[in-house]
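Following: one structure in structure tokens, then a few remarks.
Every chain is named by a letter (A, B, C and D) in the order it is written, and numbering of its residues begins at 1.
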Amino acid sequence: MSYAATELLAVMAARELAGVRSVFAGVGIPLLAAVLARQTCAPELTIVVEGGSVGPEVVPGRLPISTNEMRIAHRAEMLPGITDVFLFAQRGFLDVGFVGGAQVDQHGNLNSSVLGDYHHPKVRLPGSGGANDIISLCRRVVVVTMHERRRFVPRVDFVTSPGFLDGGDARRKAGLLFGRVARVVTHLGLLDFDEETKRMRLAALHPGAAVADVVAQTGFELAVPAGVATSEPPSGAELAVLRGLDPDRRFL
Amino acid sequence: MSYAATELLAVMAARELAGVRSVFAGVGIPLLAAVLARQTCAPELTIVVEGGSVGPEVVPGRLPISTNEMRIAHRAEMLPGITDVFLFAQRGFLDVGFVGGAQVDQHGNLNSSVLGDYHHPKVRLPGSGGANDIISLCRRVVVVTMHERRRFVPRVDFVTSPGFLDGGDARRKAGLLFGRVARVVTHLGLLDFDEETKRMRLAALHPGAAVADVVAQTGFELAVPAGVATSEPPSGAELAVLRGLDPDRRFL
Amino acid sequence: MKAGDFVEARRRLEAKPRASREKLTTLGDAAAQVKDGDVLAIGGCLYSRTPLALLAEILRQGRRGLTLSRNLMCYEGEWFIAANAAERVVTSWFGIGLPWGLSRIVREAVESGRVRYEEWSHLALGLRYRAAAMGLPFLPTLTMLGSDLMAVGEARTMTCPYTGETLCLVPALYPDVALLHVHRADRYGNCQIDGYPHMDADLARAATTVLVTAEAIVPEEEIRRHPDRTVIPAFAVDAVVEVPGGAFPHECYGLYEADFGHFDAYVEAIKARGVEGVRDYLDRFVYRPRSHPEYLALFGEGALERQARLARELVPTR
Amino acid sequence: MKAGDFVEARRRLEAKPRASREKLTTLGDAAAQVKDGDVLAIGGCLYSRTPLALLAEILRQGRRGLTLSRNLMCYEGEWFIAANAAERVVTSWFGIGLPWGLSRIVREAVESGRVRYEEWSHLALGLRYRAAAMGLPFLPTLTMLGSDLMAVGEARTMTCPYTGETLCLVPALYPDVALLHVHRADRYGNCQIDGYPHMDADLARAATTVLVTAEAIVPEEEIRRHPDRTVIPAFAVDAVVEVPGGAFPHECYGLYEADFGHFDAYVEAIKARGVEGVRDYLDRFVYRPRSHPEYLALFGEGALERQARLARELVPTR
């Protein structure tokens, strides 16, 4: 069965939510993954978005483009306001957070602020939005991103959202006591972090991807354990749900 | 025209609100005074109570007994919650605060916590409630109390609600930058504080009261300027409003 | 838990076995989540939306060594003192109201040293719950400064790094259990409150365990129809029980007014017999009734309906 | 005002000439309260409840040297950049949304150094407004720690006096003027919002001056019928203007959905002509219309009605 890289990414991200009760998700692939998970591996999942919506449902074909619009307030259980929804995460209520960025480095740090120098940027990117808050406050964080060499850099130009910073216990030392970047899900594979060094390593390959592909698309030295498993391919059911949600392929 | 001491007190307290836009008032005489003021000298007055009611109206004969019950939510403009209503005062929105206490001293400090030692009290009183917050946060504070020697002590046993503390600039030094105890309204007279020493002094006598009466009911040395004025007696109109509000004399 | 220990508070929340999504249960099973020595936070304020049905069940289960915290503590606090169930009270005010005078029960218990009364200003206590609701160790404030309340509790002063001014810090209060009575909830624990919010939303975020009684359990659809009325989300709640009149004879905004006549009788008995007056009251209204309807019946034919009429005269009903 | 200067902020509030209790006025008179160099706080979020009618009037009045602050800044920020009205932007995110890509206007202005972009995390900025709403110099938080955002703004770290842990402090942001669009208000300024509250309630408490446009001015009676729906009290508000469709083509919860087709056209013009595309847009949609109805007419017959239908499909209307 054929599928787009974005579809593969959404399916693999959804599987990260198996049995999870609450996820802090942004729009696009992360939201599609969350909705898919709710219909498959996480029936009790409550979706939370930073615009201030708790437990919304989405109308197929009318996917939200921002996290603060009516399309993602549809049939919500609560609309608590932006600051208060992040405070739920700060208090420890939210299980998993999905984040992404223009750059991700070997320690899981993300950059969505600037390419080049902050004060004299080569490229001014949109900014953190809630990414910094999600990665700082949720119990478990999953980075969801396409796997491209220009994104996977040794060190991000600017740490908008702290992963493990310089690795080791740097994150804890900075005062980030809770939560951690547990996984990086890409369209090529699944990555996690060495317990000691907190450097990224390959945890699984997605169907159709070879170790060489992953290495080629990664701009830093990636630890590749022997005998890395290969993920189950997306099922017809999974793809059907996704395609039903986004028939115009706005995000897929 | 004859009237009770409590009626006189309510009328004199109401007059302190002439032209005022918002008052933080507790139940009993202070609330009666606020409602009277709204119908006489302060037509634009918004009454705020600590239970979390902004702009309520009162049903004659059904006066609230606490600041957090339906009787004081009647026709309110807003019900913001207790913490948030005090934060309006902390931000500086509330013009006048009415407070009282079991003891008041020569520097306007109030005690509603304990008689004797805090840890081994002779008498455990109910506690601060919002009195400390009102006196600390409102722009201008008016103490409303019956004038009794047992209440008017040289130094309160416990400073539940800070007036000028030890006088001078002690209040400012403690970090209380805003607001001040401007007046003490009793059933015998009107008192204010010396600009320098912040000690209480007689500002006006209420009809029927002599300087000797005030001195006799004051447990500390009270400055009595020469030629103290006498307040206008309660008008028939003022008394009629009060008696209409509290026909069963629950508080009058 | 140490005051302000946000790290331990979050660890407890994360370590807690997750309640099933379905949270409908009985008063007995809900109250059974309270353990001896727990710090409780009681919702509502004074005689408004007090979770009396839950509190009565906790007494029936014979808990001991409890700490009761509440913004303004009404006579439910006297129940726990008379039953020797509470050893500490954290509040800003303890009594019923002006017409009923000083509480003889509180005076005897605190003046004798049998019960500890920890006093905070009303705002300071509210901020202690809010700090916890925000997952923080403390909140700064301008209140309480200069007062003797600074010396007797765990408030501190700090110098503001931005302005150099002196600030009061109040430590977060993370209760073990929050007890709340709300207007409506769905079976998952999404709660909606009409009228006064009091401090309930903060309590639900601050506590490790949250027990809720609701005047009505409504279909999920009704919650989803007005999501902007939801003040407590399902993921913060551990148990939900449908208890119409669950705050009676205290008030529930829009539904029933407090029964002041009942307060009079309660206080008369104390004036006559002191703590024995409360113990007799507990026998009659707490220990003997086998259900909440049986408890409500003790107030006499149509008492709840009468108070409901009075409520409708005062505030609009939806 | 220095970040976190709660003393000066309160002094300004106290020194301000009190608005008359009646606050109904025109867009022109309301916007005239904005002065060159002011720090503005824009209500709503991204393309939800943006006070576009007020913002357009401020541009018509030719203000200069403004600082714009908003949780997520949408293309209204580009208007002020293109009109040389803003020199500083304080936000957590600036753009329209994924489908429209990076903002060429923002890139040119910020990369050239013509406009300063002060970035905060979304929560940190929300807490900066909340600290101001509470009358405080700062709020503590656990967010932003360890990130490079700590180094480029005015956030600080402190050691918690209760736990010894490291905390992030964010300084209160006290705007000179808050600009808000709400669902309904009475003529005194009591405001009610349906659906997403966003950060509007905090902005109204944080700012020295608060200007409000409302979809509808309702009788005081309607406010008093549902006091628990009021989120901004009259005493915090300085001006109220009735402007149906005041956020269009952005959304207003329950009333009209954002017009994404309009966003497409707006961005196409920028792709074609850069900042000139925005200037042409301003001529057509901001400077030429002599009234808001005239502005709405530019969207074509029944555009607002069409978006209203779409809104009703998504969320319940009251």
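Convention: a residue touches a chain if its C-beta (ideal position, glycine included) is under 8 Å from a C-beta of that chain, and two chains touch if they have at least 3 such contacts.
As the structure is a computational prediction, the values presented were derived from the model and not from experiment.
**Student:** Smallest number of touch links from chain A to reach chain D?
**Tutor:** 1
**Student:** Centroid of chain A to centroid of chain B, CA atoms only: how many Å?
**Tutor:** Chain centroid spacing, chain A to chain B, equals 57 Å.
**Student:** Mind checking the centre-to-centre distance between chain B and chain C? Centres are C-alpha means, answer in whole Å.
**Tutor:** 29
**Student:** Counting only Cα atoms for the centres, state how far chain B is from chain D in Å.
**Tutor:** Chain B and chain D have C-alpha centres separated by 40 Å.
**Student:** Using mean CA coordinates as chain centres, what's the chain C-chain D distance in Å?
**Tutor:** That pair's centroid distance is 37 Å.
**Student:** Which residues of chain C are in contact with two or more other chains?
**Tutor:** If we look for residues of chain C contacting two or more partner chains, we find 7, 135-136, 141-142, 165, 167, 195-197, 227-228.
**Student:** Two or more other chains touching the same residue: where does that happen in chain B?
**Tutor:** Touching at least two other chains: 53, 73, 79-80, 87, 90, 177-178.
**Student:** Select the category (line, ring, star, complete, other) that matches the graph of chains linked by touching.
**Tutor:** If you draw each chain as a dot and join those that touch, the picture is no line, ring, star or complete graph.
**Student:** Sort out which chains touch which and give me every pair.
**Tutor:** Here the touching pairs of chains are A-C, A-D, B-C, B-D, C-D.
**Student:** How about chain A: which of its residues touch chain C in the complex?
**Tutor:** The contact residues of chain A facing chain C are 21-22, 44, 46, 53-55, 73, 75-80, 87-88, 90-94, 139, 177-178.
**Student:** Could you list, by residue number, the parts of chain C that touch chain D in their complex?
**Tutor:** For this pair, the touching residues of chain C are 2-7, 135-142, 156, 158, 160-163, 165, 167, 169, 171, 194-197, 225-228, 316.
**Student:** What residues of chain C sit close enough to touch chain A in their complex?
**Tutor:** Answer in residue numbers: 7, 10, 13-14, 18, 21, 133-136, 188, 190, 205, 220, 223-224, 227-228, 230, 233-236.
**Student:** Can you check the complex and tell me which residues of chain B touch chain C?
**Tutor:** 27-28, 50-53, 59, 62, 65-66, 68-71, 73-74, 79-83, 86-87, 90, 113, 118-133, 136-137, 158-162, 165, 170-171, 174-178, 250-251
**Student:** Inside the complex, what are the residues of chain C that reach chain B?
**Tutor:** 45-48, 71-72, 91-95, 97-99, 102-103, 106-107, 110-111, 113, 117, 119-124, 126-127, 129-130, 141-149, 152, 157, 165-168, 195-199, 201-202, 251, 253-254, 257-258, 260, 311, 313-315
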